[in-house]
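The letters A, B, C and D name the chains in turn, as written, and every chain counts its residues from 1.
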Amino acid sequence: MSNQTQTGKVVPGRYLARTKPATRRFSGRLPSGFVWVLPLLLLVGLVFNLPLLMTAASSLVDQKTGAFTLGNFEQVAASKVYLPVVWRTIRIALVVSFACALIGYPLAYWMTRLSRRGQTVALAIIVTSFWVSILVRTYAWIVILGNSGIVNRFLMASGLTETPVEFLYNELGVAIGMINVLLPFMLLPLFAAMLQVDPRLRQIAFTMGASSFQFFWRVFFPLTLPALGATFILISILSLGFYITPAILGGGKVPLIANMLDILINQFPRWNLAAAISLVLLVLTVGLFVVYQHLRRVE
Amino acid sequence: MNAHLVAARRRERWRRLPLATVGILVLLFLALPILVVVPMSFSSAESLRFPPPGLSLRWYEAFFSDPLWLEAALNSLIVGISSSTIALGLGTLAAYGIVRGTFWGRGALETNFISPMILPPVIIAVALYIFYARIGILGNYLALIAAHVVIAVPYVVLLMTLAIRSFDIRVEQVALTLGASRWQMMTRVLMPNLLPNAAAAWLFAFVISFDEVVVTLFVSGTHLTIPKRMFNQLVLQINPTITAIATILICFSLAAVALAAWLNRGNGFVSKADGEGH
Amino acid sequence: MKNNLAVGLIAVAAASLSSTAMAEPAKVLRILTAGGEWTDAVQKCVDAPFTEKYGIKVELETPAGFAKLAGKNQAGNVDVALMDLETTELERAQASGMLDPIDWAAVAPFEMFPDAQKPYGFAHTYFSTIMAWRPDAKAPANWQEFFDTENFPGKRALPDYPGYVLAFAALADGVPPDELFPLDLDRAFKTLERVKGDVIWWSAGGQVAQLLDDNEAQYAIGWSGRIVNKDTLAHSFVGGMLETSWWGVPKGSDPAMQEAAMLYLHEYSDPEKQACVAQYISYTGPSPALDPLLPQDRLAQFPNYKANRDVQFVTDGKWWYDNADEVERRWQEFKLTQ
Amino acid sequence: MADLSSIRIENLNMFYGVYQALVDISLSVRSGTLTAVLGPSGSGKSTMLSILAGIHMPSSGRILVDDRDVTFLPSAERNVGLVFQSYALFPHLSVYENVAFPLRVRHLPEADIRPRVMEALDRVRISDFARRKPAQLSGGQQQRVAIARAIVFQPNVLLLDEPLAALDRKLREEVRLELRHLQRELGITTLLVTHDQDEAMSMADEVVIMSEGRIQQIAEPRQAYHEPANEFVAGFLGVANVFRGPLRAAADRVFIELPGGERIAAHPAGKGIGGTGAMVGILRPEQIAIVEPGTNGSVVATVRETVFLGEGVRVHLQSEGGFDFVVQTAQTKRDFPAGSRVGLAWNPEDLWLLAS
């Protein structure tokens, strides 16, 4: 029976090969575990990293002559066409992030004070919204906010306004659509961070004579501020790349960086300029992401 | 005493009223698009009136009798299933290497694999457009699937690294000392335990691929997918058929995500089982 | 160097993936086309019978545009054998050497208007760009009134394409119709700057009716085919712009597929098929034999109808082509900075 | 039953970057015996075990099982049974399948598997639970399954990594005996890694005490306890009175002179490392007797505190010279009131001397 063991089966030759001295560790073996990563690395390297590098390279090439140039970036920086779009994108990103923080924080805070069942319902709504296709949600706003949409009909029927309020096809419409898409990205991490705050702190603060108001501003808010900051940055990052919402709700008047890239690729073939702008967007995103990671660590 | 308590409770409730109002309004704001789209899909009217004047299934019929929508649905399914399956395979292997490997630069690799999730899709779209165009595979079906793999794989890598990290490495080591080859360990020990997580990761990847618009718009060439056709239609002509598709999509996404969440609920069940003694 | 080599290797690998169907006679004809109602009509009236007759499947990529062609051309991957071009685009594509000549012998068309047959272009549609408005809005009589936002209050839905809006804007600023070309861009943009706060820019023809019906806009410039058959809208051909759309054959596409494209063009020149398209959308094709086949009660809806043609002007494709860069630059400047 | 194998470890070194987890470890385990590797956490004992199991490769050195070099053999080919503190049972498999696992991966015929699994389950008295999943078992039951799984394929060597640490105290002592019994019965060469000196002392034929990656002492438990190789071992294996001072001789007596002037009697032959000069003397609390003050040769001390241990009484005292003594006595009924003066006496032969 005992001969059936694995060691008994080892062939001497193989066994000898394996008993070479410890230098074997350095004899060109791949670092441990690297093979597992290799297939994905190849694919991502080919279909993600290489294209990004090529984009970076094309941004430094003149479209007509094919020579090295910084002209594409100069064009972005100097033109009164491209830079304003970059600024508008940043501005809308900030507005949207502020708005998300402003309406997201109270909701998340309210949710922490709800019963378990209330929390489940609220979370279900948020998660549902989160997973419903952005196209569907953006599309719905046309129906809701249009001149003959439910909101305007309500406003006019209630006599609050006589002519329909122009929600759509301007920056307001784009912002509303973006806030709706991005709010769950604010709510979910913020709510999670608020749940981390030890509920006993509240009781302790009360025993020390703090009011609800004082507890909130002196304890709770400072404790959740890093999370608020981190999600704020996250929303800004995501806002920078928005394409669908401005395309559908902007009425052609609110192009953001992504829409400009679409024009430069799909309407005018200006790849090198597009590459340069896409690189600007990349730098903005990565820069914000570094801040985000830093805030997360603080949290 | 009791009356005091009741009064105190009532005061407390009044104090919270402004907060509750804001909370409910914001939740309504989130839910509104869905609340509007779903009933409209059953509308009998041509226009996008809300509430619908009458009920019918005509827009569902319109969807299922339109060969272009069906072609788009078929493509979405093919691209979604193949890209999420590839993403699951490669992503799981990579997650294993990242968690259990000892080579240098694992953190950087993980960031690299996850970054397509963080970067604006339009950057990836532009980069892939230029790259695919240069090598002449713009509009190629396999190239489209490859793009979707890159977009879906971060979710797999995230979920699977989490799952593998929470799986006791000693169980793997014991399996090896008990005579299992690395392959036997993977197939007989690791995978059976990670199966729910893998299924969840697959579903997430599938939903991501199925919903993808921007990159698809740039690189898909002649191939239609549901979101691509939806986007084109939204820009072209607003047609209630879209509400029917939207409703189908909502149900579909929610079912998939609910299933995924349910499958992933036991992310800690392994550690719970062997962690009792700790 | 190394980078080029890598790209080359990948290209070879990719080509071997995508070139399976290339050597045999074409089973598929890929067309780059506009999309929308017109394309839907063509699919029913031309593509379906074509596939039935020759066993060649038609695959469409939408939307079309010069940039798409240029992209494919630069990529060296021209995967469509036929594409929809505006007059300007036809000029530009031809001048940039991105088109192959049409093999008219192989097409052997039914009778066509002589000006519809060019060495590089097959005129497939005559269409107009005209003004439209909600019946409950004050009707404008000309372009000055159309762009007069004070006396004709309301939103304007305008095409997000310079070629379909600048000429009208110049007319609105008082340029006499017979001096329209060469176009005075300064005066055109002056009008647009003046009204831009009241504009919704549309990018697809179908949006016009939608925006007017939804009361998002009260006035619009749109393509006649998407307007004239909607009885909820008022429209006028007065001061409209008559244009031609063309089929062109992108250079470098698969020869077998190009052969199929010639068969397709032959089918397209059939007046019966053009009449069929006109049933769905009020555009007419290049066949002189078309008139008796058209629905007589709707003749007044067709851009090419004599009474309509007389009040319109014909755009100057050559001028647009010559000034494409300038127009593009100023248009972007205007659009992106508004 | 299984082959009786011996293990020999030669000059094992293990680096993690610049950190050296194992420093020149050499030891051998005689076939059929149980050796306990004992040390505080971070001492390198678990690293050593993982190298023996083939989980990690050493930076240098060799491992020989029955004089065969297995240093770079994969785990699967080493034929060692391994039991972790966390048991590491396969959560998705039943008890039966857990135990059958090593046989299945060896592609044994089904007919052979069943009797062997059942025999192993019987040995650890867990056959009744064969169909349960690990999550449905108590900690003690899981531990038995882990042991059954480790022995079912008749490994040459059994490696136990803190196998009892997760059990409560009473169960731990019970299982300790059972495990020892099982090991003797199977005659399987066993290496036990633990930080619990009671466990090591009570189970092992030989203990290896490690600290900071180095072996401090290899000895039989009794010897290690009474004759520690250094102060670390003395301190790690229980409470010790440690006397520091020069070794002096006066008349026919040898003693350590403490800074306070007291004389700690030692054996003239100098038990342990001999010589004069600064020395360390080690005396276990139970080797000191409490006698009447003034008894010849005794040290006078004052009782400060008494701790009742159940099986004995530990008395903390301070001598007149200011030295803190710890004494343990089995006289559980006797009272040592705080402040009372007593004499402390011991057999000079019991004082174990180390060079300082």
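Note that in this section a contact is a pair of C-beta atoms (placed from the backbone, for glycine too) under 8 Å apart; a residue touches a chain by one contact, two chains touch by 3 or more.
Keep in mind that what you see is a predicted model, and the values were worked out from it rather than measured.
S.K.: Which chain has its C-alpha centroid at the greatest distance from the C-alpha centroid of chain A?
M.R.: Checked the centroid distances; the maximum from chain A is D.
S.K.: Of every pair of chains, which is linked by the largest number of C-beta contacts?
M.R.: Per chain pair, the contact count peaks at A-B.
S.K.: Would you kindly tell me how far, in whole Å, the mean C-alpha position of chain C lies from that of chain A?
M.R.: So the centroids are 38 Å from each other.
S.K.: Averaging only over C-alpha atoms, locate the centres of chain A and chain B and give their separation in whole Å.
M.R.: Taking the average C-alpha coordinate of chain A and of chain B, the gap between them is 15 Å.
S.K.: Could you grab the centroid distance between chain C and chain D? Build each centroid from C-alpha atoms only and quote it in angstrom.
M.R.: Those two chain centres are 89 Å apart.
S.K.: Mind pulling the chain C residues that touch 2 or more other chains?
M.R.: Within chain C, the residues that touch at least two other chains are 10, 71, 74, 203, 214.
S.K.: Enumerate the residues of chain D that touch no fewer than two other chains.
M.R.: Touching at least two other chains: 76, 78-79, 106, 153.
S.K.: Quick check on chain A: which residues sit in contact with 2+ other chains?
M.R.: 6, 46, 142, 146, 148, 265-266, 271
S.K.: For chain C, which residues count as touching chain A in their complex?
M.R.: Residues in contact with chain A: 3, 10, 65-68, 70-71, 74, 155, 160, 199-203, 214-216, 328, 332-333, 335-338.
S.K.: Would you pull the chain A residues touching chain C in the complex into a rising list?
M.R.: 46, 57, 79-82, 84-85, 142, 146-148, 164, 168-169, 251-253, 255, 260, 263, 265-269, 271
S.K.: Applying the document's contact rule, which stretches of chain A touch chain B when the two form their complex?
M.R.: For this pair, the touching residues of chain A are 6, 30-41, 43-44, 46-52, 54-55, 58, 103-104, 106-107, 109-111, 113, 122, 125-129, 131-144, 146, 148-150, 180, 183-184, 212, 237-238, 240-244, 247-248, 257-258, 261-262, 265-266, 271, 274-275, 278, 281-282, 285, 289.
S.K.: Note which residues of chain B are touching chain D in the complex, please.
M.R.: 168, 170-171, 173-181, 184, 188-189, 192-193, 269-270, 272-278
S.K.: Can you list the chain D residues touching chain B in their complex?
M.R.: Going by the criterion above, the answer is residues 50, 53-55, 74-76, 78-82, 84-92, 101-102, 105-106, 133-135, 139, 142, 149-150, 153, 159, 166-167.
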